[in-house]
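In the two assemblies presented below, subunit A is common to both, partnered first by subunit B and then by subunit C.
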Partner chain A sequence: MKFKKIGASIMTAALAVSMLAGCSGSNNSNGGKTTDGSANTAASADGNIESCEVTFWHAMAGEQEKTLQEITDDFNSSNKYGIKVTLVNQGKYNDLQTKLTASAASNTLPDMAQAYNNWLTPYKNKLVKLDDLVKNDFDNWDDVIESYRNECSEFGFVHALPFNKSTYVLFYNKTMFDELKLTAPTTWDEVKADAKIVKEKKNIEFIGFDDMAGAVEATLKQNGVDYIDDKGALFDTDKGLETFTFLSDLYNNGYARLVGEDSFFSNVLSNGKIAAYVGSSTGVSYIDTSKGWELGVAPLPGNVAKAANTAGTNLVMFSSDANKQKATWEYMKFLTSTENTTKWAIKTGYLPVRTSAYKSDEYQKFMADDATATASYAQADSFFVSPTYDASTDIRSAVAAKYEELVLNKSDANTWKKELVDTINSQY
Partner chain B sequence: MEKKSFKGYLYLLPSLIIMVVFTLYPLIKAVVMSFLGDYSIIDGSYKSIGFENYQALFADKNFIKALCNTGIYVVFVVPCSIIISLFIAVLINSKIKGKAFFQTVYFLPYVTSVIAIGIVWSWMFNSEYGLINYILGFFGIEPIQWLNQPQYALPALIIFAIWKSMAFNILIFLAGLQTISEDLYKAARIDATPRFRVFTRITVPGIMPMIVYASIMGMISAFKVYNEVFALFKGKAGPANSAITVVYYIYDKFYNSNKYGIAAAGSIVLFLIILALTQVQLRVTGKRKKK
Partner chain C sequence: MPSKRKVIALILNILKYAFLIAGAIFTVLPFVWMIASSLKTPAEIVQVPPAIFPKAAQWSNYKVAWNAAPFAKYLLNTVIVTVCTTIGVLITTVLSAFAFSRLEFPGKKLIFSLFLATLMIPGEMLIITNYITIMKLQWIDTYQAMIVPWISSVFYIYLLTQFFMQVPNELYLAAKVDKCSDLKFMLRIMVPMNKQAIITIAILNIISSWNAFLWPLLVTNSDGMRVLSHGLIRFQTEAGASYELIMAASCILVMPIIIVYLFLRKYIIEGVTRSGLKG
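After this line comes the complex of A and B, so read on.
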């Protein structure tokens, strides 16, 4: 009797947590061996592809999704092999990441997908190596922006083609700047000077950063300091301290604020509650200027150096079938062609992935009237990509949480440096 | 005789299979995973066997914070929700006009998506435009940074969750109230029993089984709180992780950090806590019944 009762409550509790444990998913448990992943090598391109269907998981919405569909329809109707690409919208980036992880575990990955490098580290060995294809069947690999090429071969082999790329720029309220006779800051000193004036005259904060972990990395680089390597934090130096003096002073003097309940600074800027913010160039579509103010866009300010974060995913291939690999490659090439990357960039606000696209008449004409594209291009020489280590994702979220805590506690520069170093090193 | 019981088991089989596949197997799997160091769900590989996931778990400040937060959450949400729900259920059950209307209104939160409610509440908690700060303003209270300041994040979550969990409790209390014989109330009226005494001596004992049920179910679901956090803080765990809960921690470890073993260990710890507390609850209420 007693046993029955205990048994019953065990079942109750089991039911209660089973949904959590349920996410353990399936695996093809091949014992306790640690497999050091070597990716699959792609089939060579011999120009002979049988008609087939290719599935592409993406996380694009709105105008971006519409444009992607348009380009894909174009491919489906124009390719001579009868390849049909099916787009599958998996929601937001987070959802896509989750679904890719789950399907990697159950061996049901799609033929291709959008992905950030740090998503892929647990299942690197499921990626198709693209080295041979890039070497033998890609019109001009050197035409692809260098930092993207490096990012796409970060695992020691080419695993991706760059796709929807963006950079962080400084969005500002030009109407307010003109009224206060300010110009967009290009250096840290100008940031501080402008912020002081805005605080005095308007009593609002001057600047905010949508991506706090990204802000730490970029400001360090702007001061000539490296962020992390495969062993830990690299900024436990005087230069590092100088960087955090700049950041902590901004917050402690009321020159900068956290986004908090407003989620994105585009909302805050739209409501006139902040003078400027650093955020992704694609965020421009969320800035609402209907309340009668003009938006200005500028490259990120620097100190001893210039550094601008880049973001956005790449196209990766998982297909194990030789014919499908060739078909997928045709489509990947199509998306990255000069013509299509230009079209994609103009319609969505992402950046072209090739130098020839930047130089095309079409893009130059577009850039002339587009402040965001102009500002992005102006800092193209200082683009950097966050390196991927096993701990990268954890570091990103831990640094963001710590950053909020440091700001809310009004910490001084020494505390910033010490706590951020500790936070990062404890993730390895 | 034997044939009969065979038939009985046959009827049980479908639900038993589902239980084994979706409850028992994942549970066993999670226990195994929790003892494997650096376990990968992709290829099933691991580096060591032992307690290292549990050690990592209890060395992680975030997990300790998640445990504390979840504890505070349960302690506040479950009793508050039951007391307020009981009060409202008794009011609705009294002879008032528009009973059906109120029943529907109070049940609405239960059938509405948590995400939708979360968006509404995150606006109500907004420090500048929010309804809650507006009302507090009438009493001369300065605007509270509900969702921006770590010290208010958990209270905001608890308020939201109490409101959210009331719907289900009210429903079962109303059902319970209807089973109490009208004769008992009549007798009390003849004796001119004070109202409060009627409530404590007739109403509460009458629906005691419902209160026990609501507290057990409420406690279990409160320990599993995740959706509410996600909805209120738009996918985050509050400012500087101040409203992180155990399930949020487990989810984050599993899907964002790919620390599958630690996530499994976290879910086993949660399992043991729920198991222990359900035992205590059943013992306590079982003794009451014997009296």
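After this line comes the complex of A and C, so read on.
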């Protein structure tokens, strides 16, 4: 019996190893055939494109998908080359990421896709370099918001155009704030002061964070501390400790809570069970004010500095065919034009990617009635993007899990700092 | 005047039924919740404390959900994939289980151990390699990509082998004396004797095939090849979800399964209870 068991385990191990070997082996051989190991350089734009079909993998749903389809139909019927873009919905971000990884391994990547930078690190070499196109055939690269430009050239070359961008803002129950004579907090001290009043008068928590890993990074930055670099955590300092004193006090004093079963704080805020929360600007459509309360939106509070996470994916190109690259580029330019980024932003709640779009009459008019857009724009100078390292994806999920554990254990600031540093460093 | 024994029997009966009713309620509750939620407004869905039933049934949710994706096409695809994989699974499972339980051939134990060893490899690890295989066969965006990788299951083979082994060898030998071929013996004796186990396998496979999400998403690209479970993600985004529409779509998704259940109730219950007792 025992021998059988041992035999079976050995066999399992052998199978697993052979499968892994098979996997990486095929990667290498495939990769070698079609790419030269570094990112491909795009064909130069010579204004001569043959009619062809371009496939775009995305993860947009609902109103977002509808608007994307509209803009794409526009492109398909108006471009003079007869380019036809086919949209392929690949599920949610996680599904799209899995599918891109699998396709990269088997060299079946689409012509273009939405992607976060940290998804791309395993197959950076399959990206098409866009530097020349941006330089020679793009309407004013400097018009694109600076932090997006930096994000899109994080790998040392331009690999993407920004697309569905959002930022984290502070959503709050304005009716409750008015009743308690509070204003939206702009500093950590004001957060603590407001939270104390809400706790005393209403006996509910003041604040919550939809994205816990994002909250750690933003809060550190608001205290002038960097988060991580390519070697590990950077906040094992007094300033770091100060940051976690702020965070742990919020939870341990009952001023903040986890979202738990409610999944998104938009649900909690809608039910009047929390006074404010930090979440994606795109989440505003899920906040339900039908029970007769007014929603307020404010930039994120800061301490020694202001810092607001940006989220959302960019457009990347994988096509290896010269003609298709040119066709894909036409479509990418179309999606990010001032006119279309404005339209996209107004219909979906994402943010425009160009300064000229922010300044357009159309968007200004929209912003006048839209508190979320106003708050997002007000903090545009303090936008930051999480830097991408090989371990980024793992760190995100590990930090979120640890954060929850620290809150539930009512840990003190020292424990927060130590355990988060350990969690992050163990991912490298 | 009822005897003491009768009173005790009555009390036991009451307790038994109370227990069963409680169990039934617990089982049905999520289902009722799904139907009730599918008729709520977005505000009622997240309301605290929750109300089981909506104030006014929002039948329009079904219309919105149905129109959000080509569900009719998805339904057809799901049925095709489910029926084909289930037939495939039954054929491969019965044949292999018969071979492993009755036939003598060199390396039988080794092959069986190898089969079992594959059970210990998590499915996530195989996804990329399987995807590459499908891609090399140029099967992307076809029915066979969703069907062929799932027409054999080591777990079901293992399960059915155990059932087949319980059939006394004397039957096999007696059949052999009567010049009955292996195939005939399998179809005439083994399969009917283990009908319940085979039905159980079919049900398990139908459920998993009906609910499959990641694999069909990976190997298909066009909307015309997608399956029902893909319709559900149309209502979720990074910042929130329209739960009432998800619930309406879920109702649409499970409805065919429930209809199948109502028709095959007798076999299913027989299959599950008998095989449960045996196992």
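We adopt the following convention: the second predicted complex is superposed on the first by the 391 of 428 C-alpha atoms of A that agree within 3 Å, B and C clash if a C-alpha of one lies under 4 Å from a C-alpha of the other, contacts with A are read in each partner's own complex, and residues count from 1 in each chain.
Everything below uses one rule, namely that a residue touches a chain if its C-beta (ideal position, glycine included) is under 8 Å from a C-beta of that chain, and two chains touch if they have at least 3 such contacts.
Just so it is clear, the model here is predicted, and its values are computed rather than measured.
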Next on the checklist: Between subunit B and subunit C, whom does A:Lys181 touch in the aligned arrangement: first, second, both, or neither?
Outcome noted: neither
Checklist entry - Given the touch rule stated above, what does A:Ser263 touch, subunit B (first), subunit C (second), both, or neither? => result both
Next on the checklist: For A:Lys80, using the defined touch cut-off, is the partner it touches subunit B, subunit C, both, or neither? Pick first, second, both or neither.
Outcome noted: neither
Checklist entry - Given the touch rule stated above, what does A:Ser290 touch, subunit B (first), subunit C (second), both, or neither? => result second
Next on the checklist: According to the stated criteria, A:Glu405 is in contact with first (subunit B), second (subunit C), both, or neither; which is it?
Outcome noted: first
Next on the checklist: Let me test your reading of the model: by the given contact rule, A:Tyr123 touches which partner, first (subunit B), second (subunit C), both or neither?
Outcome noted: first
Checklist entry - Looking at the overlay, what does A:Ala105 touch: subunit B (first), subunit C (second), both, or neither? => result both
Checklist entry - A:Val88 contacts which: subunit B (first), subunit C (second), both, neither? => result second
Item to check | subunit B and subunit C contact sites that coincide on subunit A, given as residue numbers | outcome: 9, 11-12, 15-16, 19, 22-23, 98, 101, 105, 263
Item to check | Touching residues on subunit A, where the partner in the complex is subunit C | outcome: 4, 7-9, 11-12, 15-16, 19, 22-23, 26, 55, 60-62, 64-65, 88-93, 95, 98-99, 101-103, 105-106, 108, 166, 210, 262-264, 266-267, 270-271, 273, 279-280, 282-283, 285-286, 288, 290-291, 311
Checklist outcome for this item: Residue positions on subunit C within touch of subunit A in the complex are 42-43, 46-48, 68, 113-114, 116-118, 120-121, 125-129, 131-132, 135-136, 140, 214, 217-218, 221-223, 230, 233-242
Checklist entry - Can you name the residues of subunit A that touch subunit B in the complex? => result 5-6, 9-25, 27-35, 94, 97-98, 101, 104-105, 121-123, 125-126, 258, 260-261, 263, 393-394, 397, 401-402, 404-405, 408
Checklist entry - Which residues of subunit B touch subunit A in the complex? => result 22-24, 26-27, 29-30, 33, 40-47, 49, 122, 125-127, 145-150, 220, 223-224, 234-235, 239-241, 247, 250-252, 254-258, 260, 263-264, 267, 270-271, 274-275, 278-279, 282
